[in-house]
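Shared between the two complexes below is chain A, which has chain B as its partner in the first and chain C in the second.
Let's look at the complex of A and B:
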């Protein structure tokens, strides 16, 4: 299990460039144990960061420690790390079981022990029935799951998942998200990158936002939302008398704008906490019947869109 | 299981199931057909009296195996050892295991040795056995040591060429073209240049070991000194060790993910 006190990743002035192109530029951060989501648009530097923390490339400048150790050319560290890459790449002529077992033997286990662990990993990703099928005959979702199986099979302390849900059907996504959460609940750490933001949100609220080779925000998604108070936060209040409610809200210092709708009012506020504190008083005083309260900006997509603008 | 054995087993399993092995297997079968056809001609009396089973074997070993098949098999297997993993993006899985890159490189090379030998050497032996049926009984047993020498030369060729082509696979994005350049241009060209340049080829040392009359270079041969079999073996083994060390160093320090 991961030492709860020590960061799982520590980057200090981490930079990587490819000739004239910057991948990651002067990134310093620590990632605490638990599940951390890595988000960023294409070309943001997310892939470079993943490659650096998995030791596939070297930093051009700075350093990167994974579980307290340098990661480039450090094979013993790989006993503690599992990686599910984004690329759809396999020894497609092998069966799922033979592939996972073969990779496990590289960890030093006997064939019998590797077989046992491979079966357990395939069961964890619901691939036991297809274990003897060639990977080349797997569907995209099954291939994604067998990649996940090879990453978890040696029970690493740190699991690094690059777009792990791509190509999975809704059932597969749900069970994989559950598996990831269960994995973290056992005290292990996970770094997961994805473009599908609501899926990241369903796994964790701890995120890193990457853009233009820099970390533009890190921490809890709600904390990050608070950091950008100057960005208007939308709140939709569905009620029986939108006109009356709007009239009461006009002039509030925390209300930056409003849009009247048929069945409610959309308010833009720079101080959502203050707004939410005061709103119940107005509702009770005017006896407005509120049927729904939505905060469309209080999700990762909104934070992400705003920060990478 | 030791890491080297694990890499070896996994790599061998992948190699033996590859389409490349099927194609190379079929190629290795062609000289067997040639041997069968030649032997049939001898036995039916169509061939000239100078052509014997043994001379047919010599011809096939030198021209089909040493000059063609040895190069083709080692080139297409050796260069693919690393470049296939890079091209197919599977190398990441190997690098994410607690195994040193040197061990991965050597394990894959050992798997190549077994795969290439298991196709090339039995094929050569079968050619010999088929051709020897054309000679008087007892001739086969008499020439058996020559077969063993031939197989040893081929095995050394697999070892040395494999180390060279594995290095090219670890170094170049287009290892087959570079390998073909070395083999077809360099190794062939220097054959026609008087002097000692031919000693900068692998083929020179293999030919020095062959128990058949080959390598007659006429006047060009006057400018060179022959290499003794013992020296040829030493040079081939040292060359192999050097190429493996260089390939392993390159494999350890190169960022292959950038080529994907």
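Let's look at the complex of A and C:
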């Protein structure tokens, strides 16, 4: 991470194993303020990492600082952290309002203040109308939203959201993504895990890729892309004369491969930045009419696929 | 035109102190059970022996003929607490045994532990639910009966002879409730099913009784009876209220055994009360 602000998370040699099974293995990283996406396949260690940074489990080795403080056995720190777990984690016989209010009182709020805050949080996730219904009667999306409500209700500085969009309908996802971005815009930090990559991509370009208990890569999607030079970056240039353009590009040292299509050229390059810098000169010199410039690799799915293989 | 800072500012108001955070769990739990009709029926049933004994006290003060109905002394109160202990056993099975099992089943424990709450706070809160209910069943009615007897007495003979009874009631209740309550919570932390946890608790009590009696029968040594949890409580009761125990044993082995039960329960709770761990 290149951000110079104080990191919200600092892990040093962080490891957690469950007998013979490794959850997180020797992870050292810093996470800067803002929205950070945590990506990885099932069993990669995302949830273990989230439990470690919410102080729920103790590291087997190493240490973890959250907002500059050790997280293990530090309950006061949890007032500044909101956590939305992946699994359902409530009593189905309680109403949404009673549940959120009860958890707020655990944060130290008085009953009256907790009632007010709980209502505000439920309104923020559009659950105000269903506040007096039992959680057991909620749909999957509503249960997801009530979990979000308890995470934001005490107005934490850091939100840790484990698969927060799971089970939500498209409208719910959209409004939740907007809400997450709005929170970040207010200066809060958010760590969000998901395996639905385009949703993460719509929230942030700052990601951590996790696999087999290790951080495979961290940083901006583009930075990560540069790290994997052994997997050339693909760029598709749609133009009126693909053969002419291909003839010019084939001699460039940064071009590793090329495929000619009827309506364009797909170039593979190990130096996308250098390629993009030089490309306009060629286009202008040869008067090739470029109608579209696509980078099929420039999304999280491609990066993810490369790195976790 | 001044433009104010729109960025996030943390709450700087007053929050309750951390040391009382367990009380939130206890209060919510007690409110939950005391609002359930089934539980209220159970509570009323558990008060019937106290009501009956209250009637006995009242009658014993009405006429000379009824005064000799019963002798109200330390043994009388201990007998009442032993009787109420049966209800405590039921409370340890339900709701005691589901208190943690339900949180494990619903994953609620990971939310508890992601709040400003230690595992000790969590266990203390759950224990306080059980202890609060048990207080209503055992020491509270016993103390009321004591006050009733004192109130109806026309002289100070009773209070001067038995002033120690309230202390014995509280001490004995504290010991019994702590031992049974922690054992119940430990059983509850072993499984995600409250039903199985209840069965486990009952099995521990039942088989300890069978095991203790069996070992005593096989070896002919009364000392083995300390393996039996009900007999253990009998020994502890004798410490507070005086009087003979069934087997006339020295109290030290019983106290050691009691300490072992409490210690093991705490150890189990320490190991089992933790965030849900998904291992794939």
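We take it that the second predicted complex is superposed on the first by the 303 of 309 C-alpha atoms of A that agree within 3 Å, B and C clash if a C-alpha of one lies under 4 Å from a C-alpha of the other, contacts with A are read in each partner's own complex, and residues count from 1 in each chain.
We take it that contacts are C-beta pairs under 8 Å (C-beta built on N, C-alpha and C of every residue); 3 or more make two chains touch, one makes a residue touch a chain.
Everything quoted here is computed from the prediction, not taken from an experiment.
**Q** Put the two structures on top of each other at chain A: do chain B and chain C fit, or clash?
**A** Taken together on chain A, chain C would clash with chain B, as the superposition shows.
**Q** Per the contact definition in the header, classify A:188: touching chain B only (first), chain C only (second), both, or neither.
**A** Second partner only.
**Q** If we overlay the two complexes on their shared chain A, which of chain B and chain C does A:12 touch? Say first, second, both or neither.
**A** A:12 contacts neither chain B nor chain C.
**Q** Residues of chain A touched: more by chain B or chain C?
**A** More residues of chain A are touched by C.
**Q** Which partner does A:286 reach: the first (chain B), the second (chain C), both, or neither?
**A** Neither chain B nor chain C is touched by A:286.
**Q** Using the touch definition from the top, say if A:218 reaches chain B (first), chain C (second), both or neither.
**A** neither
**Q** Applying the document's definition of touch, where does A:241 land relative to chain B and chain C: first, second, both, or neither?
**A** In the superposed model, A:241 contacts neither chain B nor chain C.
**Q** For A:91, decide between first (touching chain B), second (touching chain C), both and neither.
**A** Touch partners of A:91: chain B and chain C.
**Q** State the stretch of chain C that overlaps chain B in the combined model; pick it from 25-33, 61-69 or 151-159.
**A** The superposed arrangement places chain C into chain B at 25-33.
**Q** What part of chain A is shared between its chain B contacts and its chain C contacts?
**A** Common interface on chain A, chain B vs chain C: 18, 51, 54-57, 73, 75-79, 81, 83, 85, 87, 89-91, 102-103, 105-110, 150.
**Q** Residue numbers of chain B touching chain A in their complex, please.
**A** Residues of chain B touching chain A: 1-3, 6-7, 9-10, 13-14, 17-18, 88-90, 92-101, 252-253, 255-258, 260.
**Q** What part of chain C is in contact with chain A in the complex they form?
**A** 6-8, 10-11, 13, 15-18, 21, 24-25, 28, 102, 106-108, 110-118, 121, 274-280
**Q** For chain A, which residues count as touching chain C in their complex?
**A** 18, 21, 23, 42-43, 47-48, 51, 54-57, 73, 75-81, 83, 85, 87-92, 102-103, 105-110, 113, 150, 154-155, 157, 183, 186-188
**Q** State the interface residues of chain A toward chain B in the complex, per the touch definition above.
**A** 18, 51, 54-58, 73, 75-79, 81-83, 85, 87, 89-91, 93-94, 98, 102-103, 105-111, 114, 150
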